[in-house]
Structures are given as structure tokens and as C-alpha cells.
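Below are structures written as C-alpha cells.
Two complexes, one shared chain (chain A), two partners (chain B, chain C).
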Partner chain A sequence: MLETIDLSLVNWSRAQFALTAMYHWVFVPLTLGLAVIIAIMETLYVKTGDVEWKKITKFWMTLFGINFAIGVATGIILEFEFGTNWSNYSWFVGDIFGAPLAIEGIFAFFMESTFIAVMFFGWNKVSKKVHLTATWLTAFGASLSALWILVANAWMQNPVGMHFNPETVRNEMINFWEVLFSPTAIYKFLHTITSGFVLAGVFVIGISSWFLLKKREVVFARKSIVVAAVFGIVSSIYLAFTGDSSARDIAQNQPMKFAAFEGLYNGSEGAGLIAMGFMSTTETDPSNENLLDFNMKIEIPNILSYMAYMDWNAFVPGINDLIDGNEKYGYMSADEKIERGKVAMAKLKAFKEAKDQDNEQLAERLKTEFMDPDFQQNYFSYFGYGYLTDKNMLIPNVPLSFYSFHVMVGLGFYFIVFFCFALFYALKGRLEQKRKFLRLAIWSIPMAYLASQAGWIVAEVGRQPWVIQDLMPTVAAVTKISSSAVQTTFWLFAIIFTLLLIAELKIMFRQIKIGPKMDGGQH
Partner chain B sequence: MFENLSYLALQQYWWVIISLLGALFVFLTFVQGGQTLLYTIGKTPNERTMLVNTLGRKWEFTFTTLVTFGGAFFASFPLFYATSFGGAYWVWIAILFFFVIQAVSYEFRTKPGNFLGRKTYEAFLFLNGAFGTILIGTAVGTFFNGAEFSLNDMNNVHWETPYRGLEAVLTFHNVALGLSVFFLARVLGALYFMNSVDSAMVLERSKRQVLLNAIPFLVVFLYFLIYLLLKDGFAYNAEGVYIEKYKYLNNLLELPVVAVLLLLGVVGVLYGIAVALLKKSTSGIWFAGGGTVLTVFALFLIAGLNGTAFYPSAFELQDSLTIENASSSHFTLKVMSYASLGVPVVIAYIWWVWKAMNSKKIDEAEMQDEDSHAY
Partner chain C sequence: MSKNEWPGLWRFYYDGFKNMSRWGRQVWLIILIKIFILFFVLKLFFFPNFLNANFETDEERGNHVLENLVEPIK
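After this line comes the complex of A and B, so read on.
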């Protein structure tokens, strides 16, 4: 059942997926947020009839179009990569995972791609109101597409609404609404989408600030900043709340991820939150290079317990508790889970053999045992652990998770303050004098991208080794192909995406330099 | 309304949807075909700009249909998704690559500072048009000729050649389908130019291209079709998968509605070509396009319905995929069937937008107007 695992293949396949996902995520958040900002601007144009708003709308639309195209280019790879590089995964959970992808295509992609044509080419072909509707529908389509793909991703982090069918050797959906409305999916969607809104807000303010520094297009820049700052304040506050809910969800469903991004090795009651910390390169445990000590840390007592369980004194398990087990607080050791996973696998194998030998009676008995709720609860829930050969495989990259999480959260709070200042200065009419702030605004753009990427690193690196939490590790999900084939395609995509990214940036910079035109830019 | 349908009925329903998506995709490859004709039909930069712009308003439909085709296949027949995409790795990666380079090319082509230069993006469009169509056609050819894979007890795929799907080009019948799609896309592209661009020169040259591409299209397509109807096919019953003589011809005889669709489709394509060449009509695209949808739809149907294994394994016959052993669970198909009820709404708004955007033919004056977002 389990064949020789080529770790180099797994790592290259992961690298390729990470590469394509991270490139895709360079473009998507801006699409998500800018679409809404543009729709708000065009609404102001239609409401007020002020052509300045049309000029503003069209300028941001130009940048949106450039960004959208490359987002589409990087997106197609991701969808098909589930099949090309994770084919075992595609069968094992395709019954559940495929549905949101198909629905995304049918409803969201078509909405986006149909109405984007009206948005760009329809100015003189349809009425103002129809055009505005098309712009809102494009924005809505983008967010809808995010919903479905995030429902799919959330399901991988917290698989619900399904059961395992030993006959077909796969997981099958039994409750669609549980998949769609799983709290993990809701928080993930809200948190991710608002992160895109925040990034777009920072982007609009940053670029508008450049115009103000150059003393060009002052009215355009001020108006853009007001819209982006109001939008940004609302989004960034909401982002913080959804982040908090997401963290609680992770503490419940993915305690190892939670411990990793908090750098919590030994659990405790009333656990403190490390607000800031630097890890040393010293290993605390020679058997595991992931477990590094802190050289310096600023810890706020009890906060972590509250964050995870809404109880100041709750016990939060650390990495060691999750690996070695902690009887007092009811955490099973990793070795025990691995054993139980192997028991579940052995029973499945025995069932398959009985089927192959046409021993229907034995097969029926084994199936009944396998499907017994107690067996499901106590053994099958650890099925994925059966693939693991070493308990330390269960620990994700702690420094990467820790730093990414802290960078993301720190910047998230920074953006709230940033938007407030932007709005304050804009309303006071003092933006042009605040040249340091304007410069900071430009530098905030890369920070928004950094925070955005860090968020996905937390989500995806933090859940390693799992593709589907507790059910399937990456080693079992990967397509069996030569690692050199994946290396080749990795570099192929790395080169083409990098070339396209350079092209995109050059075109963007040039369009920004050209600036808004009364007629609406180069389009 | 889907509650009472049997598992098999839902599997068939989804095969019909997949077939329809595949058929619509092939029709929409007029964008790809048009991309390969940019320099043949557009002799001046202005003409090429018009051609790029008229295609540029449609390319996303083709792209999105491809993505939806993939998503719907994944949701309804995940074992195919896992087996073919993971197995025939190189073929699918190549197809994806040629679509990635298309997606940016319209937007980036004439933008200042576009780094790779206008010619590169035009070359990307050409490559997408040529290889995108040929490779997809060749890959679909394996639905009729089989592929070299086996499945283990976890239903995990093992590809039995190191070429990972590229060996499909060694079967000429597969390639004939690839070339058919390629030449058909060019015919459709030229017909679309005739219909959507207001320029006498473009009209004249497009017409010529319809003729020049219709001839090789008919040769390879008729070869493909006749060979298909005369060859052995991959049938299955409760006992397993077996080879049946004239399987695809039998399917047409046993499913007369499909035979009629195929016939109507072929006639539609021929009529569309004929009115463009003989009657100076610019609406050939609608006949040929409709005919394409019907023809491809019928071909997909006989590949998977009536007890036919739609993705046969030439290596291990019993591992062949059928709509019954490769499908999602009864529950998921039911859920997805409810989702499919939204498709008419999607088609309705696409139709409305298409009409609104193509109400007036594209001309040089429009290209000068910045509000028209000229690519």
C-alpha cells in the first residue's frame, strides 16, 4: 500500500506548489481589493457625475487590468497542479475537494471574466448604470472565487462533512453545508479577503503619495487616498478580528501549527504570548533541528491562553506536549497516534485483500469493524499518521512559522495606524506637507505584500506535514514521478513567472509614471 | 429534482455536462485559431491591432471554459483527474504552459515598458494557438486509443512509459484529432474575423484562410472520424472491460440521437464554411460554431456513454476508467447537479454581454478611441 517514499520528490513537488501559489498570491490580493475600491470610485462618479472620479476610476482600472492578467496566468497552474503533482490526493479527497473548484469555475470565474470585458471595453457600449453594475459584478466575482478556493483550502486544514469509504479507498462528502459553512472556512475566507482589501488600500495610498511627492495630480491623489483610507480602516480592523477568530480555530483544530507559530515548546496554563522574539541557532533538542531556543523574547503573560481558549488560565499545549503526549491534559503522544494510524491502515489493507480474494464474508466483517464509530474515532482519525516513519516529521518549520506569524500580525496592526493617519492628514488637508509620511506610504506597499505572503506561509508551512490534517501527509499525496521531472517543471515555471513578474512591474511603473489622463489612461 | 435519479443516471448526466463543456471549449478555440492567423490576415499594424482586439474581448471565455472543464472533471470524475493529470504529466504541463503565456499577452502586448517586446507576446499568442489546440486534441485522442497506465490498490496511478503522456503522439489517430482541432480553430478564427471586423481587406484575407484551412481540416477530420467508426473500442459491462469491434460505430447506431447530433454538427460546420466562401455571408461563424459544438459533443458522448470506457488503459485493460468507476460519490454528484442548475443563468449573461459588446463591428476608428481599451 505504501511505497518507497522519495523525499526529494516530495520536497520538489512542495517547492513547485509553493512557487506557483506564492506567485499567484502576489497578484490576487490586489485584484480582490482594488476591484472593490474601483467599484466604490465608479459609484462616486455615477452618483456625482464628477468626471474627475471617472478619471480616477480609469487610472486604477488600468493597473487592475495589468495585474489581473498575470493573476489569471498563475491561477490556471494551481488548479491543474492538484492533478499533475498531487494525484494521490486528488483521488483520496477529490470527492469533496473537486466540488468547490468546479463551482468556482462555473459561477465565479465566468462572472469575473464576462463582466471584466464590459468594465474595460464597455464605456461607450452600455449605459453608465450597466457599466457600474458590471464593475461591481467583477468585484463580486473575484471575491466569490476567493470564497470557493478558500472553502477548499479550509477543508484541507479541518476536514469535515465527509466519511471514508473503504470500498473506493477515498473520503466522500456526506454534508455539503458542513464543508461550506465550516467555521474554519468562514474565518479563512473573511481573513484572507480582508487582507486583500488592506493590501489594495495600502497600494492606492502608496501610489497616490508618490504623485503628491512629485506634486502631480494633487486632486486625483487626495481623492484616491480618502477612499482608500476609509476602506482600509474598516478592512484592517475587520482583518484583526477575523485573525483573532482564525487563531482560535487553529488552536482547536491544528494545535501543532498554533504551537509552532507561537514558538511554544512546552505548554502551560496561563501561557504567555511572545510579542517579539529572536530565535537562537542553538538546538534545544539534538534530535530535532526545529526546536530552537529564544535569544530574546518579550512575553505578555496569559494572553496566549486567552487567545486560544478565551480563558486566561487555560492550558495551551506546546510542541513537546503534542509529540511526547501529556496525560494530565489529555494529549496523546505522536508515537501512539502513529501506531493507531498503522492499525487503521492494516485493517484497510486486510479488507482490500479479502475483496481481492473474493472472500466476501471476511470482507464484510472487516468493513463493519472498520466503519464502527469507535474504530473510526480511535483509529481511523489517525489514519494519516500511519504514513509517518518518525514522530519528528510532525513538527513544522518552527522559525519560519514563528517569524512569518509575527511579521504578519505586527504589520497588520501597523496598517490600522497607517490608515488612520492617512485619513486624518487627508481630511485636514495636510497630506502634501507630510513628506515623511508620504515616503513611508510608498514603502508600506512592499510591507503589505510581505504581510500577505507571510500569512500564507503561516497557514501552509505551519500545517506540515499534512496535506489534509491528520488524514494525509504530503508524502502520501504526491504523484509518483521522477523528482527530476518536477525539478524541470519547477525551473520552467520559476523562469517564466519571474520574466512575467518583471514585465508586469515594468508596465505598472510605466503606467504610474504616465499617470491618469482625462480620457482615462493608455487603454 | 435530482434526489430520485439513480447513481448511474447522475454519472451519465455529468458525462453529458463534461461533453458539453468540452464542445463549447473547442468552439471557443476560434480565439486560438485566430491567434495563429494574426500575421497572415493582418498585414499592417492597424489591422493586427483590430484582430488582437476582437479576439481580446473573447479570450477569457475560452480560458475560463478550460478551467471550468478541469474543475468540473475534477468534481465529477476525480479518478480521471488524478490518473490523467498525474500520469500524462508532460502533456498537461505543456498545455498549461502554453495557456500561461497566453493569459498575459493581450494585456501586455502594446503596453509601454513591457520588457519582452511586442513580438514576443505575439509569438506567445501564436504558440498558444498552435500547441494549445494540437496538444489538447491529441490528449483527447487517448480517450479513444487508450493510455499507458495502471492503478494500484489505493487507486494511485503508475504511468508505464517514461514519456509521461508524450507517447500519445506516436499514435497517428490521436495526432489526427489534434490537427483537426488546430485547423478547425483556424477556420473558426477566420470566420470570426469576417464576422467581427469591419475591414474589406481583413474580410478578403479571412475568407481565403477559411478555404486554405478547411481543406486540411476536412482531410484529417474525415480520416479521424472514419478510422474511429471502423476501429475496435473499449467497452465494459459488469464483468469488466473488453475490446468490442466497431464499438464507436455501434454506439452511434445504438444512440441514434447522438448520431443525429453528429450529423447535424458536421453539416453545420460544412454549411458555415460554404456560406462564407460562396455566399459572402459573414455569419458562417454561427453555423460552423454551432456545428462544432454538436460534433464535439457527440464525439465525447460516444467516448463515455453506452458502456464505453472513456479513458482506457492500453497497459492494463481492467484499470480503464469508466463513468461508473471514476466518478464522485452519489451524494457529491447530486450536490454538483444542483450547482449545475446555475449554468443557464451563466450562459444567459454571457450571451447578453456578447451581444452588447459585439453589437457593432470593430473598426480602425474605434481603435483610436482610448475609451475602448485597445490592446
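After this line comes the complex of A and C, so read on.
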């Protein structure tokens, strides 16, 4: 079956998924972060009774509402794609993926929908405290929705708490808590939602700066900037810590991804971190012609070893160590993994043939052997390698991973400095005079989106060729359907999402131009 | 929730939608068009669930996937 799969089908299916996921992620981070900022602003209103805070809250709530409404349901398309384009994957993951998504659906519907209605319709109809509670629960609900999606994604990056049942051809959850509380899931969740908080902080400061440049709504803008800057400082520093923890987790569980986003070809003890580098487009690494070396790089010694293993002199494997193996440091070669994957696949095939021949006794024996913990650990855990025809298929797109990672990290540190300056100027009452900073603040909004998207590119491109780490490559996950059908829906989505984005920007820009109103009326 | 609270709840939503601002009406229109396109066009015509559409039982679906999984790419 799979031998007939057209690689362009895999690539188009991947491109379509990437397109929809990235467009979906245009809307989500602002929802996550702005919800919390609004809740903080409304808390200040309830605490102080100052109606200026109510005006501020209602203005940002309007932008939140526009973003939420345009973005809502864009994630459902990803679920459509699982059933149509990725049916082997959908079946193979079984309830492990289904359970978190079902929980997410219920929570999203009941929590967000209910409390958002109170947020928008409830002014002057419910008490201030009830309204504030609804606003906080909306913020909490949005993050909780993200949790379940990210748990499912984290399981794909580090499959835990399950076993594969050859009878049902599905992975079955044996420990829900192991899935929920896997370090990969925890770090991914914390890092992702705080990235949304940072983006929203930048967004609020950027839009407020526009008002200051126009000499409009000065009090509103200053107060908004103070809240967003304090929130941004806390979030961006925490983002750096969660990023660090996440990188350590990746170094343990996805060392190829780690090596790719660091552009590390040959591992070493006391490995250095490349702070900045430009990859060659022509020269190749002598040990592997598929790998590009650097034209220029600025390296900080020993940092990478510490980042990965909290030991300044630890050995960090490079791409070549992971492909060719490194006996000294205990890294198995890709060839050996491919062989083990083929053994696991052969046993599964023998099981299928026994079932087809109604040889229940043999099928039962093969199933027992397959489920044996030793076989699971030594062979099935390399199952996905059995599909690979060339060990170089294990190397993700190194330049894309490297640049995305460095753009994300570089901008992450920039935002810490940016928030500090915003708060400093706001507290000193010098914001209006710093017109260059105000312009920079506006331009920082697209930078925040760029960093946010780069983060997902690092996570998803860096883990290629895997859909499920070590167990299922993309080529085995895809449904054998017509490539042209996937191309058609790719362009259809591109048009729909672009129209939605244009609609959002148009409505949002209009509301920004109108500005905050002392009595915003009912929404 | 008691029976007496339902009219209040209905009124809450009714008033909310009735007094909605211009941008509120616009985004609701977009939501409705989007949901129509997603569920009544894309889902129905472009995104059938492959395994549900082509196989009757879970056993058949499992066998199909197993067949796909055990034949490695050349």
C-alpha cells in the first residue's frame, strides 16, 4: 500500500496542515493573552472604582471579541484534516488523541461560550464581582482549552502512558496522568500560553503607542501600557525559563530536533551555543553531503551543554552522531534503529497473516510476544524507523529549524528589554516624548507574531520526519487519496483564511480608530 | 436552575443580541458564514472521514490501517 504513496501527496498534506495550523495560531495567542490582560484591567476597575479602567477594559474587550470571533472554529479544520488526510495516524493514535480533544471541546464550549456571553452582555446586568468572575473564567477557560490541545501535541512529540495493541491497531492509553503530566506536555503548555501572554502585551503596548503618537486618549494609553508592560515583563521572563526547560526536554527526547535547531552537526563535550550564524548555501559538511555548514557564526562556549544537561562539559550529540551512532556516548546508529523497526514491523506483519489465515493460536502467541515489555522497549519503540528507506530521511530541514529557533529566541529576549523600556518610560511620564520608541512599539506587533509562528516552525519542522516521535513518520500517517484533492482544499483554505484575516484586520482597525468610549454601550 | 430563572436567562441573551453594536453584528455574520462554509461545504463535500466513509466496522478499519502499516515503502 504505502509503496504507492505519491510523495507529493505527503508534502501537500503537510503543507495544508501547516497552513491551517499557522493561520489558526494567528488568532489564538492574542485570545490567550488579551483575556488575562482584560481580566487584570477589570480587576483594577472593581478594586478602585475608577471608571477610566472600565473604559479601558471595554476597549480591549472589543478587540478581544473581534479576534475571538474571527478565530473561533478555525481549529476545527485541523480535525477535519485528521479524518480525511491523516486517517492512518488518526486510527493509530486511538483514544490518546481523542480524549484530550473531546475534553477541550466540552470545556471550550461550556466555559468560554458561557462566560464570554456574560463578559459582553453582562455589563450593568450582573454585579461587578460576577462580571469580573466571568472575565477571569473566560481567561482561565481559554488557557484550559489550550492545555488539552497541547497535551495531545506533546504526546506526539514524546509518546508516553500508552501501549500499542496489534489487535486493534491502536495505541491505548494506560495512564492518563502520565499523558497529562508528561514534562513535555507541561513545558509545552507553559511555554505556549506565556508566548500568547507576551504577544498580547506587545499588542496592547503597540496599539496604545499609536494613540500616543496621534496625541489621542493619553490617559487610556498610559494606563494600558503600564498594565501590559508589567504583565509583559513577568510573562517574557517566565517565557525564557519555560523555553529553557522545554529545550532541556527536547535534548533528552528529541535530540535530532535539538541538534537541528542549534545547527550542531558534530557533537562535543562542552558544546557551544551559536548565538548568531549564517548557514552556507553551497558548502557541505565533509561527513555528510546533505548537511550545510556555517559561513559565519558567533558561538558561546559550553552554554549548549549546560542548556541540554545542566552540566558545562556534558556531551551533546550532533546530527552526525545521531545518524552514524556514537558508541562512546551510547548513541545508537540510525541503521540499527531502522533494523529494529523492521523487526517490529515484520512481527506485526506475521501477526496480520496469522489473523488472515484464522490461525488464532499463532496470532495469540505473536500478540503476546509483541506486547512483551522487552520487545516493546527494544523493538517497537523504533517501529517508525522501519518505514525509512534512507537514514538521511531522519534529518529535518536544518536551516529552517535553525533560523526559526534563533528568530524566536532573539525576539524573546528583545521583548524583555522592550517591556522594561515601556514600563520605565511610562513610570517616568516620558512616553509621549519617546516617539521613536512609540513607532518601534507599533512595529513590534508583527515581530511578536513572527516569533510566535517561528516557535511552531521549530516545534513541528524540527520533529520531522515524525508525526509520532519514533513510531510513525508522515509517510506512514497519510491517507492514500488524490494529491489534487489536497491541493484544491489547500488553496480553498488559503483563500478562506486570508479573507478572514482581512475581515479581522478591517473591523479591528476601524474599532481602533474609533477608540475607547466612556460609555461603550452594550456589546 | 429553577423554572422562574429561564425567562431571565432568555431575556439576558435576547437583550444582548438585540442591543449589539455594529462590530458585534459584523463578527456574528462572519461567524455564521464561516460555520456554514466549514460544516456544510468543506466537511460535507471535501472532508469526509476516510475510514468511516469507506468501511463499515471498526474491525474493517483496523484491518485496513494494519495493511497500510505492515507494507513498508520501497
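The rule is simple: the second predicted complex is superposed on the first by the 507 of 523 C-alpha atoms of A that agree within 3 Å, B and C clash if a C-alpha of one lies under 4 Å from a C-alpha of the other, contacts with A are read in each partner's own complex, and residues count from 1 in each chain.
What we mean here is this: contacts are C-beta pairs under 8 Å (C-beta built on N, C-alpha and C of every residue); 3 or more make two chains touch, one makes a residue touch a chain.
Only a predicted model underlies this, so the values are computations on that prediction, with no experimental measurement involved.
> Answer with clash or fit: chain B and chain C placed together on chain A by superposition.
clash
> Tell me the contact category for A:410 with respect to chain B and chain C: first, second, both or neither.
After superposing on A, A:410 lies clear of both chain B and chain C.
> May I ask you to decide whether A:510 touches chain B, chain C, both, or neither, giving the answer as first, second, both or neither?
both
> Of the two partner chains, chain B (first) and chain C (second), which one does A:95 touch, if any: first, second, both, or neither?
In the superposition, A:95 touches chain B alone.
> Touching A:387, do we find chain B (first), chain C (second), both, or neither?
The answer is second: A:387 touches chain C but not chain B.
> Just to be sure I read the superposition right, which of the two partners does A:277 touch: chain B = first, chain C = second, or both, or neither?
Neither chain B nor chain C is touched by A:277.
> I'd like to know which partner A:73 touches here: chain B for first, chain C for second, both or neither.
In the superposed model, A:73 contacts both chain B and chain C.
> In the overlaid three-chain picture, which partner chain does A:183 touch, first (chain B) or second (chain C), both, or neither?
Neither partner.
> Tell me which of chain B and chain C touches more residues of chain A.
Greater contact footprint in residues on chain A: B.
> Should A:345 be classified as contacting the first partner (chain B), the second (chain C), both, or neither?
In the superposed model, A:345 contacts chain C only, not chain B.
> Thinking of the overlay built on chain A, is A:65 touched by chain B (first), by chain C (second), by both, or by neither?
both
> With both structures aligned on chain A, tell me which stretch of chain B collides with chain C: 78-86, 222-230 or 258-266.
After superposing on chain A, the stretch of chain B hitting chain C is 78-86.
> In the superposed arrangement, what residues of chain A touch both chain B and chain C?
1, 65-66, 69-70, 72-73, 76-77, 80, 83-84, 87-88, 90-92, 117, 120-122, 125, 168-170, 349, 352, 479-481, 485, 489, 492, 496, 500, 503, 507, 510-511, 521-523
> Please give the residue numbers of chain B that touch chain A in the complex, ascending.
Chain B residues touching chain A: 57, 60-61, 63-64, 66-68, 70-72, 74-76, 78-79, 81-87, 89-90, 92-93, 96-97, 99-104, 106-108, 111-116, 153-159, 162, 164, 328-329, 331-332, 335-336, 339-340, 342-343, 346, 349-350, 353, 356-357, 359-360, 369-374.
> Where on chain C does chain A make contact in their complex?
Residues in contact with chain A: 12-13, 15-17, 19-21, 23-24, 26-28, 30-31, 34-35, 37-38, 42-43, 46-52, 58, 61-63, 65-74.
> Over in the complex, which chain A residues touch chain B? Could you list them?
1, 65-66, 68-70, 72-77, 79-80, 82-92, 94-99, 101-107, 109-111, 113-118, 120-126, 165, 168-170, 172-174, 176, 349, 352, 356, 479-482, 485, 489, 492, 496, 499-500, 502-504, 506-507, 509-511, 514, 517, 519-523
> Enumerate the contact residues on chain A facing chain C in the complex.
1-3, 5, 62, 65-66, 69-70, 72-73, 76-77, 80-81, 83-84, 87-88, 90-92, 117, 120-122, 125, 166-170, 342, 345, 348-349, 352, 386-387, 389, 475-476, 479-481, 485, 488-489, 492, 496, 500, 503, 507, 510-511, 521-523
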